[in-house]
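Residue numbering begins at 1 within each chain, and the chains themselves are lettered A, B, C and D in the order written.
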Amino acid sequence: MIATPEATNPFFVNLDQIFVFLSNWLVGFLPAVLRPVAGVVLGVVAIVCVFPGLFALTTVFERKGLGRIQNRIGPNRVGPYGLFQPVADGIKSLTKEDIVPLRANAVVHFLAPLVLVVTVFMGFAVLPMGRNMVLVDMDAGLLFFFAMGAATELSVFMAGWSSRNKYSLLGAMRAVAQMISYEVVLLLSSVAVVMITGSLSLPKIVAAQNQYTGVFPHWYIFTPWGLAGFLMYAIAATAETNRSPFDLPEGESELVAGYHTEYSGFKFALFFLGEYLAMFSISGLGTTLFLGGWSAPFSFLVWVPSWFWFFGKVMLSIFVFIWMRGTLPRLRQDQLMNFAWKFVLPFTLLNLLVTALWRFMGEGWARWMVCTVILVAAYVVMGRVEMRSEHFGRRSYRYAE
Amino acid sequence: MAVDQNLKIELGKQGIFVTTIEELYNWGRRSSVWPMQFGLACCAIEMIATTMARYDLARFGAEVFRPSPRQADLMIVSGTVTKKMAPQVVRLYNQMAEPRYVIAMGACAISGGPFKQGYNVLKGIDRYIPVDVHIPGCPPRPEALIQAFMTLQKKIDGQPLTGEGRPRHLDAEAQGEFPVPEQGEHDLEPTSNKGVWPVPITIR
Amino acid sequence: MTVVENKAERAEGWNRPQVIEPDGEGELLEVAMGPHHPSTHGVFRMDVALDGERVVRLKPVFGYLHRNHEKIAEGASYLASMPYTDRLDYFCSLTNNWAYALAVEKLVGQVVPERAEYIRVILAELTRVQNHASSIGFLIQEMGASGTPLMYAFKEREKILDLFESLTGSRMMCNYMRFGGCRVDVSASWLDATRKVVAGLPAFVDEFEALLSSNEILMARCQGVGILRPELAINAGVSGPMLRGSGVNYDVRKVDHYGIYDRFKFRIPLGDHGDIYDRYMVRILEMRESIKIIEQALRDLPAGPIMDTRAKLRGFRPKPGEAYGRIEAPKGELGFYLISDGGLNPYRYRVRPPSLINLTILEDMCLGHNVADVVLIFGSVDIVLGEVDR
Amino acid sequence: MKTVEEIKAAIEAAVPGAGVEFVSNPSASAQHSLRIAPQSAVAVAKFLRDDADLAFDFLSNVTGVDWPDKEIAEKVKVMRWVTKTVDGPDGQKVDQPVEETVEETRKRIESGCLEVVYHLYSVGKKHGPLVLRMRTVNRTDQVDLPSLTPVWRSAELQEREVFDLYGVVFGGHPDLRRLLMWDGFKDHPMRRDYVEPDDFEYEPTPHDEVLKRAQERENREQRTEGPRDRGLAAG
């Protein structure tokens, strides 16, 4: 690391570690027996406060952003720049009547949103959000994350099935099929990182990327296999969080509101929250795996607090999510599945092979050349074959006078 | 339990903002009215135009058109309600969660409008469900819908949480479900919900 | 999934939809899409039976917006029906006006002054542009694009509506045409404003196309879906962009030469596949042709009166007889059939609604497709419920 | 395009016993029509569609028309024996039966009918319209007509509409249900003698016929329901 004057400046070091110090300071008041527990509780409280706050901010950001894309203003009446909009939405949702359909399975109907939110929150436990800022430094952190992520499928299916609504059921079926398919891709694209780092611990993965050549960092996205893996990860993440263009489970135009059609009031708000939290956590993981986690993008910027970089990168990917939502139409169910199993999954598997090559070819230009050529060639060939088999393309039209 | 207005303004100047539960609650309700994605006829197009770039209902935080009645707060009855459609409109209204509001948009939704003589046209949706705001016009301009929306916000603001004049959903005795009319052999049965719509007397 | 042809009707070939039998065992999922459903453009219902997500049966249910237009018109004078025609297809009130005026003019043999004809052409083509733009916007909206193309379309539509409003006094319900002419004359400033709007239209269509036409998701969703064969299209009375998307060269503007359409140079775009993408592209290309027509009409607009001096609006009693007049409305062939018994009111007043008749083959197009495709196919028909149910 | 008379001749040549009748249209549009007999309608329709010269492959419009029973008052001249006082041969007045022509008004009810009108065009030949009409025997029990849906699919929904609003029963229609009104509805509202439910308040200042109907309705309601609760309306 190139030590810039700022990086060694105690002020910036303190700023970087401010939350860690704060936590230690608060815990210091307690007897030593309670300290480990209190530290965890404090961390949990922080996560439970920060991310819903971020969720609120994101909903405004999304509505304003979509407005900008669509040539309009977006919310601006509630508070300055419409910033209090989510507060109003929250109050409204909290006080709205909660309807449980007569023929619904009340217990499962009640549990579904809780399962979603709780499991999504648990994913945050292993994400390093800054230098020394990880709640649980688990050796198998990545595994834990995916285990928790898989529970969202359960929640969605619970919601769809228990509502006794045909649209809900269709939505839930779609969701389960889609999430399981893309879960595979999500996992396999992360395996590439594990192969290079040799660890399932997320802080270690970040530490491995937190090095610089010149001013440029060693992020995995700047390697051929990393870029390919990141793209596949991004596709799978979009599908996993049911965002456009993969928002089929709640495809408004055909399935009314998908699996949460029958949810009202605060339960619906919880689904909303869960969806956005899933977006944060999956962006956080993507950041950690491929974008260097909390490390700075240039060596001369390392003095900027690490948590700033983490949240900055997460918000950047949220912005991309919103951008895609404002631009792209939705895929169809069979196309979605074809895409997963015929293109994304084979390509991810190939990427694993390339990663292995990268690992064992040693330093030098040769491995850059070989890996890039293999990936580009595979992409072109597979894309061509895919498009040709479906007969898509621009057409020319004839005219009659 | 209202705070003295003068005191409140005075405190506001000092940087202290005082509010009551009532105000906060009404502010929340009024600032986040999500309409149902529900259009009937010509007025629906003006309703869509209201949400589009030029008029942008989103400014009021009301662009979240929910397709499911469970998640919607506001039903904009935009257009002619026919006798074939009326039972479904009432049913949708019943499916909405309290607090819920209705805007009758356009002459047809108010009274049948130009199609009043028609055998299949319901002469105003307020025969079956309570309407909060009526907008005249055929169709009303988008500005009129925005005006109606602001009127609704004012109405919500003025509602106390207790006592006389509290909103329906806070009144335990108030009617929550409205009877759905049946399609009979010649007409809807009953032709109106007497509890909601007393037959007007015309004095000639 | 096995497709079983209905043998009894094979002789007729295209008269009944193919019967699709589900593969799997177990019950079909019967879903009523509508009358309140986000994708049905209002109040329309499709009773769909699904095998998994595949459509096995689809029965459209109409009448949720049946406003008794024809009955009311039979009890009103000829002129009093003009405002009601606005509310048929509420996207295109001006073409509805024209179709009705045309039918009455045929009934009584009235001529229309040249200037009025030019104004009619300008307004009808502007209507076509805004209708096609918004119908494409709705189609892509149904594809899940969260409204961006629709916003773009409505942005342009608002400009055209402003022109309508400044000329006729109303944004949507123009009530502008009269038997034998038009209600008010266009002013020079209106023409300037129109020129300005029309000059901006090609850029808008280009932008629209850049956003959509070569989008791979759009192509994947639209190409090869909802194919309508030309023979079936003709037999089922399908008209408008639907028919031309199937490759049938039939445009009432070219066939009947009503109004003064033979004076303008324009072409009819035709699709070769008859799928959703062809209908979409035919609409895009028709917008471009419409812009050309408007430009020519604005260039050649003559001076003169806008009403036939012999036209009589009050106490209008046509001689007994009947007439069927039709025009190429944006949605298809819009016809009015009038029977006069010599009285003040038409004895019989009938609208030939293109939207309703284009829906005849909805089931044929949807069978075997996905639920998501049904929504798109329905959107690509481009209907307005006011006209379907009248 | 051939003229309507030529088409009539062609139909008669191709379909023996078609029973085609030429109906002239006196209005300026000069769209004359052919009335075809219901029993041969499908054969005629198939001929019109498949004939190479005519090729009417596009059925544009199907319309129902109601011609109600008409009460026709006509003056008839009747010969009648009348006793008249005439001058007898002998100068006396004599009553004598005389045959005389007397005018008398007689009322006769002409049975009405339901009519269905089809407008045909040709897409290939680009000509039209050809107007076909069919009539039922009366308006009450014999309202059957053959459906042309097997020939032109385009008639499917339109014939359902005519069935719904006029009550013409189309034999051979694949799916004859009500199109616009709900299934339990009993009337045929587009018929000219249909009475709509009187369920709306009249405008504040009704006049003429509307005033009469408004007052009738109010009287009727007062008789059946008694005085209504005026409290809310007054406030």
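We adopt the following convention: a residue touches a chain if its C-beta (ideal position, glycine included) is under 8 Å from a C-beta of that chain, and two chains touch if they have at least 3 such contacts.
The model shown is predicted, which means the values in this text are computed figures rather than measured ones.
Note on interfaces B-C and A-C: more C-beta pairs are in contact across A-C. Put simply, the chain nearest the middle, going by average C-alpha positions, is C. In this assembly, A is the chain whose CA centroid lies farthest from the centroid of chain C. The geometric centre of chain A is 69 Å away from that of chain D, both derived from CA atoms. Between chain B and chain C, the centres computed from C-alpha atoms are 32 Å apart. Chain centres here are Cα means. That of chain B falls 45 Å from that of chain D. Chain C has residues 37-38, 63, 66, 68, 71, 151, 155, 389 in contact with two or more other chains. Within chain D, contacts with two or more other chains are made by residues 180-182, 189.
Across the assembly, chain B contributes 37, 52-53, 67, 84, 117-120 as residues in contact with two or more other chains. If touching chains are joined by edges, the resulting network of the protein chains shown has some other shape, matching none of path, cycle, star or complete graph.
Of all possible chain pairs, the ones that touch are A-B, A-C, B-C, B-D, C-D. Residues of chain D that touch chain C in their complex: 25-29, 31, 57-61, 63, 65, 117, 119, 123, 126, 129, 131, 149-150, 152-158, 161, 174, 178-182, 189-190.
Residues of chain C that touch chain D in their complex: 12, 14-16, 62-63, 66, 68, 70-71, 106-109, 232, 234-238, 248, 250, 255, 318-326, 333, 335, 337, 339-340, 347-348, 350, 352, 356-357, 359-361, 389. By the touch criterion given at the top, residues 24-25, 27-33, 37, 52-53, 56, 58-61, 63, 66-68, 70-71, 73, 95, 97-99, 169 of chain B touch chain A in their complex. By the touch criterion stated above, chain A contacts chain C in their complex at residues 66, 69-72, 166-167, 170, 174, 244-245, 247-248, 251-256, 325-335, 390-395, 397-401. The touching residues of chain A, when paired with chain B in their complex, are 63, 67, 70-78, 82, 84-85, 87-93, 95-99, 252, 256-257, 260-265, 268.
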